[in-house]
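For reference, chains read A, B, C and D in written order, and residue numbers begin at 1 within each chain.
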Amino acid sequence: MTARSNRTLRVGSILLGIVLLPATVITLFNGGHAPPIDVLHRYAPPSPLHPLGTDPFGRDLMVHVLTGAFNSVTIAAISVCLATIVGTALGLIAAARPARTIMGLADLGLAFPPVLIAALFVTALGASATGETLAIALFGLPAQIRITRQAARSILIQDYIAASRLAGRGPFYIMRRHVLPNILPLLTIQATSSLALAILSDAGLSYLGLGAPPPRPDLGRALASYQIHIFDHPLLVAIPGITIIFLVLGFNMFGDGLRDALDAAYEEHTL
Amino acid sequence: MKTVPILLTVLAVGFPVSHIPGTARAADTRDTLSIGLAIEPPGLDPTRGSSEAIGMVTYGNIYEGLMRLDEQGALKPLLAQEWHISPDGLIYDFTLHDGVHFHDSTLLTCDSVKFSLLRAGTTDSTNPHRTVFSQIANISCPDSLHVSIRLQHPYGSFLYQLAWNDAAILSPTSVTQNISHPIGTGPFVFGEWRRGDHLTLTRNPDYWGARPTLQSVTFRFMPDPLSASNALLAGELDAYPSFPSREILSRFAGNTQLQVVRGSFPFKAILALNNAQRPFSDFRVRQAIAQAIDRKALIQAVADGDGTLLQSHMAPDDPDYAALPDRYPYDPDHARALLKEAGVAPGTHLTLTFPPIGYARDSSELIAAYLEQVGLIVTLQPVEWPTWLGQVYGQGQFDMTVIAHTEPHDIAIYDRTPVYFHYHSPVFHGLVEQYEATADKVRRHQLSAQMQEQLAQDEPNVFLFAIPRETVMNRRLKGLWTNQPIAGCPVAGVSWAP
Amino acid sequence: MRSLLHVLNLSVQSPNRPILHDVSFTLESGQVLAITGESGSGKSTLALSLTGLLPPGFQTNGSIRLEKTELSTLSERDWCQIRGKRLGMVFQEPMTALNPTRRIGTQIGDTFRLHTTLSRREIDTETRTLMEQVGLSEADVSKRAYPHQLSGGQRQRVLLAMALACQPELLIADEFSTALDARTQAAMMALVTRRCETQGMAVLMISHDLGLVRRHADHVLVMKDGACVEQGTTASVFNAPRHPYTQALLTMSLHGAARTPLTPLPVFTAPL
Amino acid sequence: MTGMAVFRIPLERLLLLVVASLVIFAAMNLLPGDPAAVMLGLDASPESLAALHQKLGLESSPPARYLHWISAFIRGDLGRSYIYDVPVRSLIGERLQSSLPLILLAMLLSLGTGITLGVMAAAKRGTLLDTSLMGFLQLFKSIPDFLLAMMMTFLFSLTLHWLPSSGFPGWHDGILPALRALTLPAIALAIPQAAITARFMRSSLIETLSQDFICTARAQGYSRRGVLWHIAVPNALIPVLTLTGIQLPVLVTGTIIVESVFSLPGCGKLLLEAVNQRDIPVVQNLVMLIVASVIVLNIVMTILIRWFDPRLETDLS
């Protein structure tokens, strides 16, 4: 089990590394902006200057896609952070007391198809990175609340919580000192898996035109605008497509590997 | 006041719509036709909306007016057999064809004409060209087949305006239901409309004119060029006027069934600038922006190099087109100098708003990149059509926007008040006044050239490019419009060659 | 009396360590054999190997014969004909040993369905009779009840009914009454011993409860670390234990601490 | 007691519907752009705009508009489309002809293959089949639906010409052409769901197989196969059903995306079109309808789960 989880973790890290390391380096240089337009060199084939060729605007495809990957991951990461912070807080409250309202709202989130929130959000606020981030965060929230609540509950029924309570500790102290540290590993795993989901969402929303607006490169938008070239310039579709898959697969496997590793550690610890 | 609203091009690369596969493809005597269109009309009443898509489906098929434009853009009579204009240009007399029935069986009379044209000009009219019809002083009916229209003042373009789809003659009994069930006098009657998918017209058995050869025609709404090209290659579509993607046209090269036919349409892509606000109110800034953009490269990227540089607001195919020199060629250094002179500091923020259409999106991205090179920081703001229509076109609240005007001969919009880009020029106004008051063709042509020159010099907007219209169609198809002098796709004269 | 079950030199090997070494014993019809020993001594493994239900990866050597059938080399297909029909088994945890999503009547009826050609109606009546026999009267417990609606004792009775349905020649009971209170325990054992007497069913009883063993078993086999340390009639083992381990076990039991293991729990390092 | 529990969930969900309707109404009224201006086009005079405002009821106060809308919605009156000027009900009804079968087909496909693959993997746990299957499923879970749809169109329609790439002929031309048109979209929609279901089914089944009652059933004489399908799978399905309930909104999202890629005239595409055109009656009622059906389906799912898992009944009362 441990060997397998290590392998999953390793493959996940490699996939992420392939995309994220160069993406970060490139973004450090260009600040997340699209590479320069060069109309004279449109659809250039791969060359030392442009390792993967250029796009219909003569922009370097590799730089464009990697910058897009960085931007997508940034949006995904911010939304997952938001969902984790708010969701954990609400989940802890819901665990501590019968919070029907919070759980009801979580149910509401489950009933609202994600793209709907995004469509309402984006049309109300206009296409913006902020709106998209909020939309992704909002539909990651219900799961976060539920998972936190469930995990916190399993801690709260332990004897030492009762002991701590008898010692006069307040709920805030118990949450901070006992519950939070215990569920932190779980939250980390959940966040990693959520990242995969958030990247998928970002790609879908941008593909539908509900994502962050141009000119900042974005993977879903790149696919939407390049897809008519599937016959004449298949690289234009393949590269952003593979990049999305690497990212999502990478975060999924990383999360799974982390979970397996943690399970193994947990079992070793208890037996 | 002479107003000519714009029609918006429909080269949308928006959400794909669908088609119906598998129409019968009988080898010899086909009498059906399926045509792909990029945009679906919101309704079918031309007096209630300005969408080009309404015209594409109904113009000359369902609705007919007193006059019509032919494929070359020439003015021809339609419901009117003949006409006569009084020497003072105020009275227009028309003689109608006899025995013309609407699809609801009512007879076309002078009263129908009077009803339709007066209705178009009332204050609560929703007609896109209301201001044209509001210039009618009165209409009298000497008898049921004669119409006499008196204008308030001479208006040289009046006859031309009567050829537009929104000047269609409608049946007073069915006018309210036209939006979903259109009734006209045309060679085709409304069949079925599956919204989001297709619309079918069938032959009008009682048509007053020549009997159309086609039994039915189906318009399929497919904005996605990739699916459209697939449907064409699979034979599910027979024709696609104004194919929305140049890049994909190569798929039809050498095809034995399909051909790509090049035609013209009055497409004028512009970078509209808000002349009412700083810094665009300064002529030097407008000139700087024009010189900062390599429009030739723009054509290269947006239209695969297949387009014409525009110098003014007139399409090259227009008979009145004046070939003008490139007054503000690409020169970023000069642009920077001009900006400095005008006091626009490097790093000034500007917003470029654009509607969801391929050419606008691509041009905007490029223009932003070019403007960045002369020190301006451009925020791109993509908006949906309603927002564009409301905010930019309706209220004139914007910095810059990319849009293509596709109405024929619409240079007079630069004389409108208000107009969304807020251009005012007494000189230009004088020219338009003269133009409308003149009936003489040669004189009108001269005046038109002067108007174009005036705009080219003032550069209220940056005139970008015109692109040809590419129609993909079955090689055996005869008589389909490949030019688009006006939004329409009349199919009465279309037939299949054996 | 005829000899029913012959176990000869049975060894069981888990993927990484041996669990049973050379266990041999015989059980005759109508007799109750108790296997006892502390936790981890291999009692449960023994029970599982007798039913052919060892987890995959376990290796068995030696011979297990049920009358004339050699069980250790039996195919899976033939095993299904033995289990439930000639060999019944009751497991230790009444709370989890029943399928939570099926009605108890259905679960008992399953044994009939698997091994007889009775009609639905006949199975219904048989099930009812069987339930009455194990002390589940119609008034108390409906056939349509679900396991979670029953008490621990009632569930244990259901399990017993399932095992006894086809009148097996051998019943293997793995700590099957440990979780019950003394009265229920006695009632259940009475039920089982009556079967032994009336139908000649043999019982292999696995228990660490020496009191229970003493009361009901005819023979006793004491296990330690996967090997048999002592076996004989109940009387001889209890009265004159030979092996020091047995003696220690008995002393502990007399002090009422039978449930406390003699040695610390071995750390279970089998693959999970 | 049981009766109470059966009623309590729908009542709670009903409350949820009210909250959802408020959210939708609020969002729709935040949208910029004047629907009347859109409807009348560019040259609308202020008089005709005002007249249309009156007609559309845009003049009254928001609470009044909300009440008017929701009461009409309950009566089944979904209003008229601003853009098409036809009843929204007929518009949605038309689109349901492709959306409903699509979702149904996709659900059947994803549950069918997901459960089968999950059982296969769990039964052959630890083997090469299991690990490679899980790897593939992980991969398919990680491909965005639109990319999957694009790839499938490219392969099966554009290159192999097996199935149509887009569009929907409707049911009046026979079932086969309609099904052919729905096949690729349904598969594209089902694959990520099936991957999720399969992985979940596998772990759920492995968990179930380690339960004591599996041993009991085996001791009763159930064969390995028998115990797998008759005992373990039904028990393992309970959490999978719960998951399916949770995944429903995701499926709806996928439908919107897939309908876009395959040009299916379904509800999802109608919704996107309506959002773009600010066709508020369509958006408002369609979203409400989708949310309502998700909630109703969730209730059905809950009842189904209870039917599978009798323990819950008493837990609730």
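FYI, a contact is a pair of C-beta atoms (placed from the backbone, for glycine too) under 8 Å apart; a residue touches a chain by one contact, two chains touch by 3 or more.
Source: prediction; values computed, not measured.
K.L.:
Among all chains, whose Cα centre is located farthest from the one for chain A?
P.N.:
C
K.L.:
Which chain has its C-alpha centre closest to the mean of all protein C-alpha atoms shown?
P.N.:
The chain sitting closest to the overall C-alpha centre is D.
K.L.:
Which chains share more C-beta contacts than any other pair?
P.N.:
B-D
K.L.:
What whole-Å value do you get for the distance between chain A and chain B if each is reduced to the mean of its CA atoms?
P.N.:
45
K.L.:
With chain centres taken as the means of their Cα atoms, state the distance from chain B to chain C in Å.
P.N.:
For chain B versus chain C, the centre distance works out to 89 Å.
K.L.:
Taking each chain's centre as the mean position of its Cα atoms, how many Å separate chain A from chain C?
P.N.:
53
K.L.:
Quick one: report the Å distance separating chain A from chain D, using the average Cα coordinate of each chain.
P.N.:
Those two chain centres are 22 Å apart.
K.L.:
Touching at least two other chains at once: which residues of chain D meet that condition?
P.N.:
32, 158, 260, 272, 275, 278
K.L.:
Which chain B residues touch at least two other chains?
P.N.:
In chain B, the residues touching two or more other chains are 14-15, 356, 384, 387.
K.L.:
Chain C: which residues touch two or more other chains?
P.N.:
Expected reply: no residues.
K.L.:
Given the complex with chain A, which residues does chain B contribute to the contact?
P.N.:
Residues 13-15, 225-226, 245, 247-248, 250-251, 294, 297-298, 300-301, 356, 361-362, 364-366, 368-369, 380-384, 387 of chain B touch chain A in their complex.
K.L.:
Which bits of chain D are touching chain B when the two form their complex?
P.N.:
32-35, 37-45, 47-48, 51, 83-86, 91, 94-95, 157-158, 161, 164-170, 173, 177, 181, 260-265, 269-270, 272-273, 275-278
K.L.:
Help me check something: in the complex, which residues belonging to chain D touch chain C?
P.N.:
211-213, 215-224, 226, 231, 234-235, 238, 308-311, 314
K.L.:
Which residues of chain D touch chain A once you look at their complex with the stated criterion?
P.N.:
Going through chain D, the ones touching chain A are 12-13, 15-16, 19-20, 23-24, 27-28, 30-32, 138-139, 141-147, 150-151, 154, 158, 246, 249-250, 252-253, 256-257, 260, 271-272, 275, 278, 287, 290-291, 294-295, 298.
K.L.:
Of all residues in chain A, which touch chain D in the complex?
P.N.:
Those residues of chain A that touch chain D are 104-105, 107-108, 110-116, 119-121, 123-124, 126, 196, 200, 203-204, 207-208, 220, 223, 227, 230-231, 237, 241, 244-245, 248-249, 252-253, 256.
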